[in-house]
Amino acid sequence: MQRTDVTEMIITERILRGIKWADVAERVGLSKEWVTAGCLGQMTFTAKHAAIIGDIFGLPEEAVLVLQQPPYRGSLPTAVPTDPLIYRFYELVSVYGSTFKALIHEEFGDGIMSAIDFRMDMQREPDPAGDRVSITMSGKFLPYKTY
Amino acid sequence: MQRTDVTEMIITERILRGIKWADVAERVGLSKEWVTAGCLGQMTFTAKHAAIIGDIFGLPEEAVLVLQQPPYRGSLPTAVPTDPLIYRFYELVSVYGSTFKALIHEEFGDGIMSAIDFRMDMQREPDPAGDRVSITMSGKFLPYKTY
Amino acid sequence: MQRTDVTEMIITERILRGIKWADVAERVGLSKEWVTAGCLGQMTFTAKHAAIIGDIFGLPEEAVLVLQQPPYRGSLPTAVPTDPLIYRFYELVSVYGSTFKALIHEEFGDGIMSAIDFRMDMQREPDPAGDRVSITMSGKFLPYKTY
Amino acid sequence: MQRTDVTEMIITERILRGIKWADVAERVGLSKEWVTAGCLGQMTFTAKHAAIIGDIFGLPEEAVLVLQQPPYRGSLPTAVPTDPLIYRFYELVSVYGSTFKALIHEEFGDGIMSAIDFRMDMQREPDPAGDRVSITMSGKFLPYKTY
Amino acid sequence: MQRTDVTEMIITERILRGIKWADVAERVGLSKEWVTAGCLGQMTFTAKHAAIIGDIFGLPEEAVLVLQQPPYRGSLPTAVPTDPLIYRFYELVSVYGSTFKALIHEEFGDGIMSAIDFRMDMQREPDPAGDRVSITMSGKFLPYKTY
Amino acid sequence: MQRTDVTEMIITERILRGIKWADVAERVGLSKEWVTAGCLGQMTFTAKHAAIIGDIFGLPEEAVLVLQQPPYRGSLPTAVPTDPLIYRFYELVSVYGSTFKALIHEEFGDGIMSAIDFRMDMQREPDPAGDRVSITMSGKFLPYKTY
Amino acid sequence: MQRTDVTEMIITERILRGIKWADVAERVGLSKEWVTAGCLGQMTFTAKHAAIIGDIFGLPEEAVLVLQQPPYRGSLPTAVPTDPLIYRFYELVSVYGSTFKALIHEEFGDGIMSAIDFRMDMQREPDPAGDRVSITMSGKFLPYKTY
Amino acid sequence: MQRTDVTEMIITERILRGIKWADVAERVGLSKEWVTAGCLGQMTFTAKHAAIIGDIFGLPEEAVLVLQQPPYRGSLPTAVPTDPLIYRFYELVSVYGSTFKALIHEEFGDGIMSAIDFRMDMQREPDPAGDRVSITMSGKFLPYKTY
Amino acid sequence: MQRTDVTEMIITERILRGIKWADVAERVGLSKEWVTAGCLGQMTFTAKHAAIIGDIFGLPEEAVLVLQQPPYRGSLPTAVPTDPLIYRFYELVSVYGSTFKALIHEEFGDGIMSAIDFRMDMQREPDPAGDRVSITMSGKFLPYKTY
Amino acid sequence: MQRTDVTEMIITERILRGIKWADVAERVGLSKEWVTAGCLGQMTFTAKHAAIIGDIFGLPEEAVLVLQQPPYRGSLPTAVPTDPLIYRFYELVSVYGSTFKALIHEEFGDGIMSAIDFRMDMQREPDPAGDRVSITMSGKFLPYKTY
């Protein structure tokens, strides 16, 4: 049994049982972003959290153990994603990539924004011209140092 | 003269003249994110704004005209970016892509976050454990409709 | 059970039962373009429409639930399609891509034609020199805005 | 001198002289779609039309000759286009490709829509919710025959 | 059951039953080139011909129905084929591609040779220095037209 | 000076001087297929033939020497060609590749059709329903042997 | 049953039965290079030799028939091999490829070394500084001819 | 000035001066295989040998220095070579790769044939049925060791 | 049964039995780096070591035999790894690759660091600012020689 | 002037002036690994260090400014490097990638080794069986955290 098998079980059971990601996150007691990423095979659960996940989705014992192993990450089947929703994020990296680089360097000097020491929050932003998706990302700045 | 030539002129002059992106944005009167993206060849300037950019960087007349044409967008030389700073954003799409999809669909139904009707703000977030890069994105939700 | 499994069931049953896409669309009460795309795994059905689809093709209950989930879109096995019929459309993008861009920008300014707020109609166009395929596409123009 | 050189001359001169594609088409006496595609290096002009193009853009004699040679077609720098406007068309092929195939086969039997014996018309479609881009394509159906 | 499954059945049964492609073609009453391409999943059979194929290879009823559906074409597992026999044809396209283009344009003007309105004949050409493979292809010339 | 430079000179001079490939072949005294392939950088000329080519196109002495060197072959800029005329040949390899393999093996046993000991002839085939391109290829069969 | 299935059976049985390739070759009566390539799915066996192979590895009747069919060749899962031993050969082609070309052309004129009319012998070459792998290849030179 | 510039100078001068690779090797006093690979940018020359090469091809002083630097190796423009002569070697790796692996492991155990501690010799092998290219390679066996 | 099947068994059993790689290495009596690589399908075990591995993970007899065969190496599913931990090593090769090359050549002359005659040690390096991963690699230098 | 231009100047001047990387590092007062990476376009110099580099290699003023800008990193022309020395490092990532992952996770839990907060030291390791390249890497462990 591999992590991708567990992810598929979770996706199937979620549909059959009519579970919401927000409710899963609430029962786990962490943000919906991190918990959903974990359920979709991208994060490692503690034993306690894995047990909760196992309970919610009715997973077998082995699957609960697998959830506690660091997964081989990467949730997309192709280097350039074909799904329109996900592609839009890829497009933002393509169009704004050099801008991210220029502005972070101007503000912080040479280094990167960590994708590990990182958190994210996604909210609905009501707007009379049509509601908006609002995403706030926060990653620690890591400077390149000389040695 | 192509837009990439103008971008290269701007990058060179910025270094030689010691110009800051934030100052360019202030003179143009728009956000630093949009103006930097424009200077790096990803947005179309109005005649008035192009003239200001031309003035700041000492661009020839033809370059000022080129800035007013919609560019062929995409700021990265390879499909998977090699620069570590930009790669981290690509990694976020790879790791969190299916999570973005799951949560947006749960909140809004089927559709996408627009990358066109979109704005972004990047800030330094002071933190005793090391300052953080904070990015807020806001894109209009566009639903798939039946017909 | 994944959406691709449901798509395969539909394709198989359609052949065995001798069903026409146009008739499926009629029973659903929407255009043949949208309904066929949905049956081929590219659109999300409402509960009511999914039940009709399930009835037509004799799908199990789980499949009917899966039809109501936003799918991971993209109907082609390779980035450049090998099937001659589909390749011709890819070729049109390749040959006319820069023309689409030039003319839309000339008429509307900088922005895109939405592929989400979009509809399509395909008809036979009788012609003495051989009938023609006529496709009409309509997508909302989305302007890039400054911020 | 290669066709891509001529294309670049035309693009540059168009900006410098403030020429509109629609006006070029009118002087040539053909549709704006075909003429723009030709100016962007995808179609072959007759001697008479090439002379008009040369006159409008002030091209050298050699360029006018090059316009009369069938070009090596393909207007995109990468197999999957990075420009958002053009990508949306690629996305339509990706999402609707199998639908195009299913519906054309249902209506016409096995065969393809020609991308050679083909014409296209692009119009602005006024809409109170935001104007739309309307594209009508017409391509001859070519049946596969036995032999 | 997909067309690739039917193709695999035919390939297996052909070996087990010791059937020759030429004999299949004779029973179908069409050329060996077209019939073999059909058996290998590239052409659509009529009901009558599909029944004959089903009889020759002992196919189940569902397979006979599948043979009557236009297949997703493309018989090679990679964009550049690895099998030496098939690679030689790819090499001919690579080496002679620009020659095909130059000579067809010189003779016919701008356009293409149809790969749909197309027929092919393959024969052994006896030669004292070693027999040769002789292939004759005939495809309708389709001109690009202005509009 | 590289062979690609010489090819480009020939292509340019051919347009400027209004030369036909068939006439070049006649002066060289070989088939139009082989001579055109040579002019397009795919074959090696003898000193005598290179001199004739140099004379026809007004090439400098160094270019005439370069024509006598075996070139690095391959006339296409991408693995999958984007030009519609050349793509149709690639499509034939894709669709008919496994058929070529099956029929050659049935007739000759295991081996390949040589792309080196090979000749080709292209003719216009008049047809009331539209003239056709007729191509005859002949390549020596080379058997795999045991050892 | 496909050839790759037969190859996998042979690989498995070889391990379980502790068979050496050299012994298989001896029983077949051909070189170890050709026989091993055949067992690994790259060559076609005669009925007699296939029967011997079937006997050695305990293959079912159908597998013995499959061994007599020309296989779809190519033994590597990726275009650039990842296995270090095989990669070293790819590296030799990459580093020495232009040298092979230059020296063969200098000695023989324009043409190729056949990979079909080809034989190979691999031996241990004792050396006090560490034994060496010695490979001798012999392929017929095939000249490009004019026509 | 980069090594590729020096390689191009050597290639051009060799044609203009009518130099043979074998003669270059003789003057250098090493094998024709190693010396040609060096001239084509794949090996590092000593100061003495670089001076000889510089003398033969009339290279400027800087080029002679560049010849003494280890080059960035790899002589092919694409991962899968398009030139037929070089492709045949790639094909041998593709077809015989798993055989090389099986036989070297059977004879030597786990390890590789070095492509660094390596030498090669290419000869004409006269044959009444057509002369053959004979290549002998010798690479040190390097065992994987435990630690 | 293929090596990848054995690797998957080991990975699964390790989770179910709660085994640590360091303990496996201790029982085998070799470094944790080599033993883990072997368990993950990248090294060949001796009969004695394979038996120990089989005992620890409860593998069937056939799996123990498979562990003694040189594997087809390469542990990553894509050329550019998507897992963030492994990607960081790829990034080091990308960023420091030319530096590795420059410094090894300066110190040793032209040649390579062997990846076969190689050993590695990974340790935790305590650090008040956060513990560090320390990796020491040692590979034999192999010089290119002339011949 | 781009960073790649400056890198090329440095590489050229280093050869012409006979400069050693170790001496450059000594004058800058930092490790040879970091300084060489910087000279090869992968690190950002302070104004003081850039002036020293400019002095050593005789760079123009603009180049000295460019050295102080964070570069677009990535030192390799292809995703899979063709140079044998650099490829060996890629091979280590390919063969040992899953081992790095397993052992770091076992020792530290889920997270990565930073490639930013990172240092490296390369030394000659004398060995009677042939000197070895010894590389010590040290990167901060960054844990994935929940949120």
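To keep things simple, chains are lettered A, B, C, D, E, F, G, H, I and J as they appear, and every chain counts its residues starting from 1.
Criterion: a contact is a pair of C-beta atoms (placed from the backbone, for glycine too) under 8 Å apart; a residue touches a chain by one contact, two chains touch by 3 or more.
Listed by chain with UniProt protein names: A, B, C, D, E, F, G, H, I, J = Cyanate hydratase.
Note that this is a predicted model, so its numbers are computed, not measured.
A.B. asks: Walk from chain C over to chain I along touching chains and report the minimum step count.
C.D. replies: 2
A.B. asks: Chains shared as neighbours by chain E and chain I?
C.D. replies: Shared contacts of chain E and chain I: G, H.
A.B. asks: Can you check how far apart chain B and chain H are, centre to centre, with Cα atoms defining each centre and the answer in Å?
C.D. replies: Their C-alpha centroids are separated by 47 Å.
A.B. asks: Could you state the distance in Å from the CA-based centre of chain I to that of chain J?
C.D. replies: 23
A.B. asks: By residue number and range, which residues of chain E touch two or more other chains?
C.D. replies: 33, 69-70, 72-74, 76, 79-80, 82-85, 91, 94-95, 101, 105, 111-112, 114-116, 142 - these are the residues of chain E that touch more than one other chain.
A.B. asks: Judged by the touch rule stated earlier, which pairs of chains are there in contact?
C.D. replies: Those chain pairs satisfying the definition are A-B, A-C, A-D, A-I, A-J, B-C, B-D, B-I, B-J, C-D, C-E, C-F, D-E, D-F, E-F, E-G, E-H, F-G, F-H, G-H, G-I, G-J, H-I, H-J, I-J.
A.B. asks: Of all residues in chain H, which touch chain G in the complex?
C.D. replies: Touch list, chain H to chain G: 20-22, 32-33, 36-37, 40, 42, 73-76, 79-81, 83-86, 88-108, 111-115, 118, 120, 122, 124-125, 127, 129-142.
A.B. asks: Taking the complex as given, what residues does chain D use to touch chain B?
C.D. replies: Per the touch definition, chain D meets chain B at residues 8, 11-12, 15-16, 77-78, 80, 82-85.
A.B. asks: For the complex, which residues does chain B have touching chain C?
C.D. replies: Interface residues on chain B, with respect to chain C: 30-31, 33-34, 43-44, 69-70, 72, 101, 105, 109-112, 114, 116-117, 119, 142-147.
A.B. asks: Show which residues of chain E lie in contact with chain H when the two form their complex.
C.D. replies: 80, 82, 84, 87, 91, 94-95
A.B. asks: Where on chain I is chain G touching in the complex?
C.D. replies: It comes out as residues 1-2, 62, 65-66, 69-70, 72-74, 76, 79, 115-116.
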